[in-house]
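After this come two complexes, each holding chain A, first together with chain B and then together with chain C.
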Partner chain A sequence: MSFLRIHAQPGRTAVWTLSWFLFAAGIVVYFYVAEQRHRENPDDRVMPTISQMVRGFSDAALKPAEEEETQTGGGSSIVARFRASMLWKDTLASGRRFVISVALLFPAVLLGLHMAMFPVIGAFFLRFILFFDKIVALSLLPILFIAFGIDELSKIMLIVIGVAPTIILDTFNLSKSVPREQVVKGFTLGASDFSITYRIVFKQIWPRVLNSIRLNLKAVMLFLFAGEMIASTDGLAYRIALLRRHMGMDIIIPYVLWVALLLFLVDFGMNKLNHKLHPWFEER
Partner chain B sequence: MHAAIQIDRVHVDYPVAGQTARSVLNGISLQIESGEFVAVVGETGCGKSTLLRLILGEEKPTRGRVLVNSFERSQPDRHCGYVPQKYSLFPDKTVLDNVTFGPEVSEFGAWSVLRRVYSKRMRGFREEALRYLRHTGLDESDARKYPHQLSGGMQQRVAIAQALMMKPPILLMDEAFSALDPGTRTGMQRLIKTLWRESGTTIVFVTHNTREAVCLGTRIIALAKDGDGNRGSSVALDLAVPHLDFDSDEGDIAGLIRTVESATVRERPLVYN
Partner chain C sequence: MLRLIFSNILRRFTICSLAMALIASAPVRAATPSFTVGWSVYVGWNPYYYMAKSGILRRWAAKYGIDIRVQRFDYAPSLDAFVAKNIDACAMTNMEALDMPAAAGVDTTAIIVGDYSNGNDAVIVRQNLTLAQIPGKQVMLVEKTVSQYLFERAMAINGLAAQIRQVHYLNTSDSDIASAFLTNPSKPVVVTWKPLVSQILKAKDVKVVFNSSQIPGEILDLLVVRSEVLNRADGSGQKFAKAITGAWYEVLKLMSAPGPASDKVLTEIAEASQDSLVSYREQLATTHMFYTPQAAAEMASSADIRKTMDLVRRFCFQHGLLGEKTQSVDDVAVQFPDGAVLGKPERIRFRFSAAYMQLAAQGKL
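After this line comes the complex of A and B, so read on.
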């Protein structure tokens, strides 16, 4: 049983096989169970077969959305048909909210940085943010809907309120972890407070902050979905909630996988960008 | 010569929760002249680094005062260069950018690239930085590397070049060579002595290695804990030493080492000056 020991060194093929095994097993088990259920009940809607899901997803991705149908009548090329589809419209709506919410996290990064660097700012905000971080963001949803209405602002506020305190505190801790010697060194080299904050500390923590934002992307999506499911007329989560009423599992499952794929691509892109922009960071 | 550093009856106490404050330095008075190479030695925890932080302006004395170039410092500034044992270099910058950082940020501040003369001035800074790097035994290929791609000795060479680039009147070194292997350490000791001779910078060099102190310093200050150690440390030995070199007579070096080491455990101060 040496392959289970701490010192085990699995080869390339073994690592590749092991890392894909659960994906393959999940797919095989799903389709086996789905096949069995459809043999017993051909009208089963809980676990659609692969052909049903392909049909459902291609309808969502290539057929014009209801409101577009009358306007365009559907284009000829695949790209044109995709851009007129329900999936594209929903992705754009959710994507816009997602991008705005992530962009709004950058002031949170700056606040965390300044709290760590300037003791007065830290004293002013830290206790409040620590308390605020403990508030369950979803419990604020009714308050947000009452305060901001049920349009875009309340959904974006929910994401910001849910994720910003974590990002602020993470940035605060990362900034505090920069060795004091670096700050002292900066002063002895003639740097001002702001030069030390931005050109020494911020530049050192930035790759880690990006990683922190990457880790919180799922939380961003979680709050985005909660807002869309409750009060929206478009977006990926709105569509999933709508299809749930009709038990449209043949579209829900591909939608869930589509969201996971998008999130994976955003995460992958950010990771690659982080490596590219900060070659010193990963090599250390 | 004038007093570059004046330490006047300085006490440093650290508060301890639920107990009386812990004394680290107990009424230390020193005057360090411009151009001296002062080696500060003492046992672990006797306040050597605290003394350095006081000169740096990073820490305030509980009582007494510390004057650097006749002024009390409220925070570290470019009058004192600083080479710590580790975390000397900025990991996100190449060697060249580390060395040019000081002049660049002093002249242009946080938003340097926005200024019109930036490129021209930076060319000058880079040329000067390369001269300093070559002087400390590094070449142009090293200048493009990041700190983590260098050995410990090379990193400290860069840290010295980085500090000297600012031409500080005082250079403070806190166990700067402690983490280096013996061979590299000797090389670095020779380098710093040469640079000191050439630049005339006042150097305060904190070390726990007595041999290093004896071979480098023109003056040795030994700190030792008073009595049972609860009263903090004071100057146990303030000794002007002859210019010894690393190949000086082993007997001379050994004699001095014995004197210094016996002083660091004495209860009563012994002043030879």
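After this line comes the complex of A and C, so read on.
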């Protein structure tokens, strides 16, 4: 039974097989059940077969979006067709909200840093943000509507309010964990408050903060989806909410996989970038 | 090591005893067939809450030797559960019965026609806007539901069908639509249902320009059962349909008792949606309940319902609600109590049955 022990050394093929096993099992079970359901009821929409999903997805990705059926160019290239499609428009709308919200998280990093470095700023904000962090933003929607309307702003603010406190507190803790001796040493070498903050502390915590933002992307996405499902005219979650009304699982499942792929790529990209920028940073 | 072995034994023991408990309980379950009814909060469906709570349902179920469970859902999940065959019967509108279970190949039978919306659903505008002024503006509603159906019927009836394409729908979740409309003066139109309508109308400068009393009998609230349950070989499905129909009309009779006699019952029914008696009575005023089985059976067998279902199925088909691959509106056919069919006879997916309501009318339940 040594292969189950801590010092087991599975070979390359074994690792490869093991790591893909659950994927394969999931896919097999899904299609087995889907097949059975379709044999029982050919019109079943709860668990679409692979051909239905492929058709659903290619329709979503290559057919022009409903609103502008007029300008259908039959012979245009795949890229042009993709760019006129429902999927592309939804991705663009959601992507825009996503990028703006993530960009708005960076001021939160600065706030956390300053709170840690300057005791007066810390005293002013810390208690409030600790409290604010525990507020479930989703349950305060009616107030958010008054403050930010129900258009783009409220969706972005929902994300920021939901995720920013976590980032602020994380940055705060990371900044505090930089050894005090370094700060003292900086002062003895004649550094100013700001060069201590930005050139000693911030430089060290930055890759960890990036990591923390990266790990919170899932939360960003959850709030984005919640916002789009509450009120919107476009976006990936808007489409999923609409399709749910008539059980369009043949498009919903590919959409969910598409979102997972995009999220994975963003996560992967940020991780790679972080290591490129900070080769000395070893945590993952 | 010893501890490990011990925990292993313990685990095995637990699994064994669990398995035995399962085996022991299985025959008991099989003895009385059990059925689950899903309902969601709505003026015409709240009676299910009272039916279960008051023991009326238990009495009827016992009479037919079956078990009936009543479970509250949010509306959309109740439809999902019904389509996934997790529950046997469900309260839903005629439109959803067609575009959710029926279009997904789950053969569905409506056994009770409970009521129709007679003003519960409304198009509300700010600043005295008229229907003709709506094209080009934003309309808040839950897209692809009866709200959109009501709105498009309103436009069509007023000769504005061609302009529907210029309306910008803003899909808004029903749990937030009232507060979202009230706090955003920039959005001029909302389409929703009661009690949200009553809540919105308390605000200043808003008024109803169209409501469902102008299309009477088109938004029907039904109790539907999976046809395969109804046709079970052991006859338990029939017993279930009889029991629930019997219980339903017993409750409705209590509800319709004149004057203060019904106050106590209505107060308890209103509890289902955390409403007061006054508010529930106000909602009932815009709901045409079929209090007697005679009236309900008549409605189910009428020529009007055929016209309604034709309008509804065309609406669903035009908006892709019957599924992307459904080529023709006739592919999801509807059958009426006299056997007449709308659509292809070999593709009947949604049936209206007046049989149980008639049995109730004849006092044979």
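Operating definition for what follows: the second predicted complex is superposed on the first by the 277 of 284 C-alpha atoms of A that agree within 3 Å, B and C clash if a C-alpha of one lies under 4 Å from a C-alpha of the other, contacts with A are read in each partner's own complex, and residues count from 1 in each chain.
The working rule: a contact is a pair of C-beta atoms (placed from the backbone, for glycine too) under 8 Å apart; a residue touches a chain by one contact, two chains touch by 3 or more.
All figures in this text were calculated on a predicted structure; none of them were measured in a lab.
Trainee: Evaluate whether chain B and chain C can sit on chain A together after superposition, giving fit or clash.
Mentor: fit
Trainee: For A:188, decide between first (touching chain B), second (touching chain C), both and neither.
Mentor: It touches chain B, and chain C stays clear.
Trainee: Does chain B (first) or chain C (second) touch A:45, or do both, or does neither?
Mentor: After superposing on A, A:45 lies in contact with chain C but is clear of chain B.
Trainee: A:198 in the overlay: touching chain B, chain C, both, or neither? Say first, second, both or neither.
Mentor: It touches chain B, and chain C stays clear.
Trainee: Return first, second, both or neither, reflecting whether A:238 touches chain B, chain C, both chains, or no partner chain.
Mentor: second
Trainee: Once the structures are superposed on A, label A:177 by its partner contacts, choosing first (chain B), second (chain C), both or neither.
Mentor: In the superposed model, A:177 contacts neither chain B nor chain C.
Trainee: Just chain B (first), just chain C (second), both, or neither: which does A:17 touch?
Mentor: neither
Trainee: Contacts for A:229 in the overlay, against chain B (first) and chain C (second): which applies, first, second, both or neither?
Mentor: A:229 sits against chain C, while chain B stays out of touch.
Trainee: Please give the least Cα distance, whole angstrom, that chain B and chain C reach in the superposed model.
Mentor: Nearest C-alpha pair, chain B versus chain C: 40 Å apart.
Trainee: Would you tell me the residues on chain A in contact with chain B in one complex that are also in contact with chain C in the other?
Mentor: Touching chain B in the first complex and chain C in the second, no residue of chain A appears in both lists.
Trainee: Would you pull the chain C residues touching chain A in the complex into a rising list?
Mentor: Within the complex, chain C touches chain A at residues 76, 80, 83-84, 99-100, 103-106, 140, 143-145, 168-173, 176-177, 179-180, 183-184, 186-187, 320-325, 349.
Trainee: Looking at the complex, which residues from chain A come into contact with chain B?
Mentor: Listed in rising order, the residues are 179, 181-182, 184-192, 194-195, 197-200, 203-204, 278-281, 283-284.
Trainee: Once bound in the complex, which stretches of chain A touch chain C?
Mentor: Its residues touching chain C are 41-46, 52, 55-56, 59, 141-142, 145-146, 149-150, 229-233, 238, 241-242, 244-248, 250-251.
Trainee: Using the touch rule from the top, collect the residues of chain B that touch chain A in their complex.
Mentor: 56, 58, 75-78, 80-82, 84, 86-88, 90-93, 101-103, 105-106, 109-110, 146, 148-149, 162-163, 166, 168
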